[in-house]
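Please read through the structure below; I'll follow up with questions.
Naming follows writing order (A, B and C), and every chain is counted from residue 1.
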Amino acid sequence: MAGSTLAFPSAERRAYSPWRETWRRYRRHRPATISAMMLLVLIVAVVIGPFVWRIPINEIDVIAGMQGPSLAHPFGTDDLGQDILARMIYGGRISLAVGLAAMMVSVIVGTLIGALAGMSRGALGYALMWLTDLFLSLPQLPLLLLLIYLFRDGLKATFGPEGGIFILIVLVIGGLRWMPVARLVRAQFLSLREKEFVEAARALGASPVRQVVRHILPNAVGPVIIAGTIDVAAAIIAESTLSFLGLGFPPDTPTWGRILFDAKDFLDIGPHWALFPGGAIFVAVVSINFIGDGLRDALDARRVI
Amino acid sequence: MSQYVLRRLLIAVPSLLGISLVLFIVLALAPGDPFSELATNPNVPPEVAAALRAKFGLDDPIHIRYLRWLAAMAQGDWGFSFVSRMDVDTLILQRLPATLYVIGSAQILALLIAIPVGVYAATRPYSIFDQIANTFAFIGFSLPTFFTGLLFILIFSVTLDWLPFVYSGDIKATGFRWLFEQIRQAIMPVMVLGLFQAASMTRFVRSAMLDVIRLDYVTTARAKGLGQAKVIVKHAMRNAMIPVVTLIALQMPAVFGGAIVTEQIFRIPGIGSLLISSILSNDTPVVMAVTFVFACLVVLFNLIADILYGWLDPRISFR
Amino acid sequence: MAPLLEIKGLKTHFATDDGILQAVDGVDIALNKGETLCVVGESGCGKTVTAMSILKLIAMPPGRIVEGRIMFEGRDLVPLSSRELDDIRAKDIGFIFQEPMTSLNPVLTVGEQVAESLRRHEGLSQKDALARTVEMFKLVQIPNAQARVHDYPHQFSGGMRQRVMIAMALACKPKLVIADEPTTALDVTIQAQILDLLQDMKERFGMAVMLITHAMGVVAETAQRVVVMYAGKVVEEADVESLFESPRHPYTQGLIRSIPRIDLDSKQKTRLEAIGGSVPILINPAPGCRFAPRCRHAFARCAEQEPVLREVAPGHRMACHLGDTQGVTS
C-alpha cells in the first residue's frame, strides 16, 4: 500500500542521542545557559586568580584601610588595608570547594541509604525511611552550630585549624542534606524494581549488586544530578552562614561569609567591603540554582508546554 | 476529627524522642568532657560542677544516661546557665516571645505575598507577570538572609535613615508610641525573613496551582459557569493548598535557620541570638536546651501542618 | 426550523513542542431541539475537543479556535468571552464528563457542587438550592438523597458519582446536554444503568443530547443521528438506521464490522475484524484523505486530494472518493 507508512514528523527529530537531546533542551533555558557561563567564569577566576592577582591576602597597610574600589584595589580594602579582591579569590576557593565536597558527601550518603531502603522490603527499609523523615525535621542550623561547637576543638587538634574545620563543615553540611537524594533514589528503586528490564536481568542471574549498579542507578542519575546541584548551592549558603555567625572558618581564613562577618559593623563607612563578598555568594548561589532549574527542564522528559 | 488530631499527637512523640536521642548521641560522642570547662570556669563553684557531674552521671552506661537526661528535660529541669546566672528554662521563656513574634509575622507576610502572586502566576503560565514573579522568587531564595539583612540595613538605616537597625527588647515609651516603635523596629527583620520565605512559598503555590488547574474537576467547575475568580479560589486553590501546607512544614527547619541569622543581625533578644552567644561563651546547658527547643518547634509546626492538612482534605479524617 | 446547535467549519488547534496539532480541522455538526446525536470515533479523533470547544472548556493556550462558527439558538459562541459564556454554561448547555472519579472536586460536598450551579444561574438561596439538589438526587436515583448531599465524592462509587454528575448537568434544566463518554470509565452493568438514566432524563426534560462515544453499541442503542469522526474531520453523517444498514465510508464500515454480533448463528459468523493501524498524529498531516493509509480501498487520488462531505442519500453525507467513481460494497 502506497501510503502505509504514516507521517510522524516528530519521529525523525527524536533520533538524537539522549545526551544531545538533553543538551538541546538545556540550552533552551536561557537563564540556565547564562548561569552556566557565569559559574564557569567564577570558577576560572578563583582557580587561576592567585596567579594573576598577586597581592597577598594578609598584607596589612592600615593607612590604606577602608578604601573604596580603585585601580590598585578593584574591590577596595578592609579596615586593615588588606586587598578584598585577593581575599575573595582565596575565600572563593574554599566556599566553592566546601559546596562541591559537601554535595558529594550528601549524594554518596543519600544514594547508599536510598539504595538500601529501596532494596530491602522489610523492617530495614521502614527504619531507614523513618530515619530520613527524622533528619528532615531536624532544625539544621542549630544542629550544625551545636556539632561545630562540640567537635571543632578535637578536629582542630588533629587536622590543624583550617583543615579540621573544613572536614567538619563538609561532613556536617553533607550529613544533614542527604535526605532528598535518599528519597529520590529509593523512589527510583521502588518504581524500577518491577520493570521488565530489571526482571530480565534478574532472570538472567545478575547479582543484586550488578542489578543495582548496571540497571537501577543509571535511571536515578537525572533526579540525583538535579538534587546534587541544588545541594551545592545550599552548602555554600550553609558555610557562609556559619562563617557569618563567626562560627565557621577561623578569622584568618577569608571565606566569603567570613569577610561579610568582618564587614558587617562597618556598613556606614565601607559598604563595598560587604557588597562584594555578598554579591559573590549571591551570584554563585543564583547561578547554581538556575543551572539546577535548567537541568530539571532538560532531564525531565515528561514535560510538555 | 478529634481522633485524627490525637493520632497525629501520638505520632509526634516518637519523632520528639528520636530528635532527643540524636541530640544526646551528639553530646555523648563529643570528644572530651563537655563539662570540663566548668572546672576551669572561675564563675562556677567547684561543688556545683561536681554536683552537675554527679547528676549527669557521666560514668554510667549510655542508655541510663540518656533516660536520666530525658527525664530531667521532661520535668523542666534544663540546668543552670552560669553565664546568665539563672535557670535555663526561665532564660528561654524570657527570650522565646521575641522569636515567635518575628517568625510568626514573617510567616504571615510570606503567605500574604505568596498566595496571591503564586495563584495569579499559575493562572497565566509563561505570561510576563509569571516570568517576572518567577525571576523574583528565584532571586529571593538564592539571596541568603544574612546578605539581605545587611543590604536592608545599608539601604533603610544607613542611607535613608528610616528604620533603626538595632532591635530593642524594652522600648522606653508607652501607649501608641510604644506600639509604633515596636512595629517600626520589627519591619526589617520581618521583611528579611518574610521575603525569603515568600520566595520559596510562591514557587510552591504556583506549581501546586499549575498541577491542580488542569485537573478534571476544575474543568467541571468552569463548565458550571461560576466565573474565573470563583473557579480559582473555591475549586482550585482549596485543593492546591493541601500540598503547599506540607511543603511549608518541610521548610520550617530552614525558617528557624533564617531566624537565627536575622536575630543575630538585628540583635533581637530571641532564642536564636541566645544560641549564638551561648556557643561563643561555651554555655553548654543553654546550647543544648535551645537546640532542643528549636527541634520541638519544628515538631510542633509539623503537627500544626498535619492538623491543617486534615482540615483541608476531607479524605484524610475518614481514612 | 433552525437547528439548536450548528457547528460550521470548526478548527481547533493546539500549539505543541513539535508544531501545531490540528485536533479539530473543519468540523460541521448540526443538532435539533430534543434530538440525540452521537459523535463516534476512535480516541484521538477530535470528538472530545469538538465538544469542549463549544463552551471553550479547552485549555487556551495552548488550544485555540482558529476558524468556524458555533451557532447556539442563532447566536455565535466563538467570539464570546469566557465571562459571557458563563451565562450559557450549565444554564443552557450542561456537560457530563468522562471520568466520574476525577471530575468531582474532592474537598467539597457533592451537594454543594450541584447547589452552587443553582445559586449561580437561578439565584436560589443556600437553603433552596440545597433542597433542589436533594430533589435532583432523588430524580437520578441516588438512594438516601437527603443525607448524601452532605457527603464527599470519595464516599461514592463510580456509578453513583456519575449520577451526581448527571444531576449537576441537569440541575438548571439546560436545552442541550453534552455527554463526553459518560459510561467509558464504568463497569459494564453500571454502563447500561447510566445510559437508561440519561434516556429517562432526556424524555423528562425534553432536552437535546450530544453523546460522544467510541462504542458502536452505545450508538445503536441511544442515537437518532450519528456523526462519524476521523482524525479531526467528519467522515460520515446519517440517521442511525441508514448508518447501520448502509454505511458508506470505509472507516464507518470498519467500525461496524468491529462490533461483536450475537444475532447470527455460528455458521454465518465471521471473524471479528479490527481496523489495522492507528489514528495518525495530527501535526503537519499528509495531504489527501487522512484515512487513506489504513484504508483497504485507497487508490492514487486518495493520497492527493482531500475528499469533501457530500450528500449520498437524503440526510446521509460522507467524505470519500470511492462513491464518486464506483459503488461501495464489501
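Rule of thumb we're sticking to: a contact is a pair of C-beta atoms (placed from the backbone, for glycine too) under 8 Å apart; a residue touches a chain by one contact, two chains touch by 3 or more.
Note that the coordinates shown come from a computational prediction; the quantities given were computed from them, not determined experimentally.
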Counting C-beta pairs in contact, which comes out ahead: A-B or B-C?
-> A-B
Furthest chain, CA centroid comparison against subunit A | C
Return the distance between the CA-based centres of subunit B and subunit C, expressed in whole Å.
-> 53
At what distance in angstrom does the C-alpha mean of subunit B lie from that of subunit A?
-> 24
Which subunit C residues reach two or more other chains?
-> none
Once bound in the complex, which stretches of subunit A touch subunit B?
-> 31, 130, 133-134, 136-143, 145-147, 149-151, 153-154, 233, 237, 240-241, 244-247, 257, 260, 263-264, 267-268, 271, 274-275, 278, 281-282, 285-286, 289-290, 293
Could you please specify the touching residues of subunit B with respect to subunit C in the complex?
-> 214-217, 219-228, 234-235, 238-239, 242, 312-315, 318
Touching subunit B in the complex, subunit C uses residues 52, 55, 57, 59, 82-83, 85-91, 94-95, 97, 99, 102-108, 113, 116-117, 120-121, 152, 154-155, 165, 168
Residues of subunit B that touch subunit A when the two form their complex = 15, 18-19, 22-23, 26-27, 30-32, 34, 135, 138-139, 141-144, 146-147, 150-151, 153-154, 158, 250, 253-254, 256-257, 260-261, 264-265, 275-276, 279-280, 287-288, 290-291, 294-295, 297-299, 302
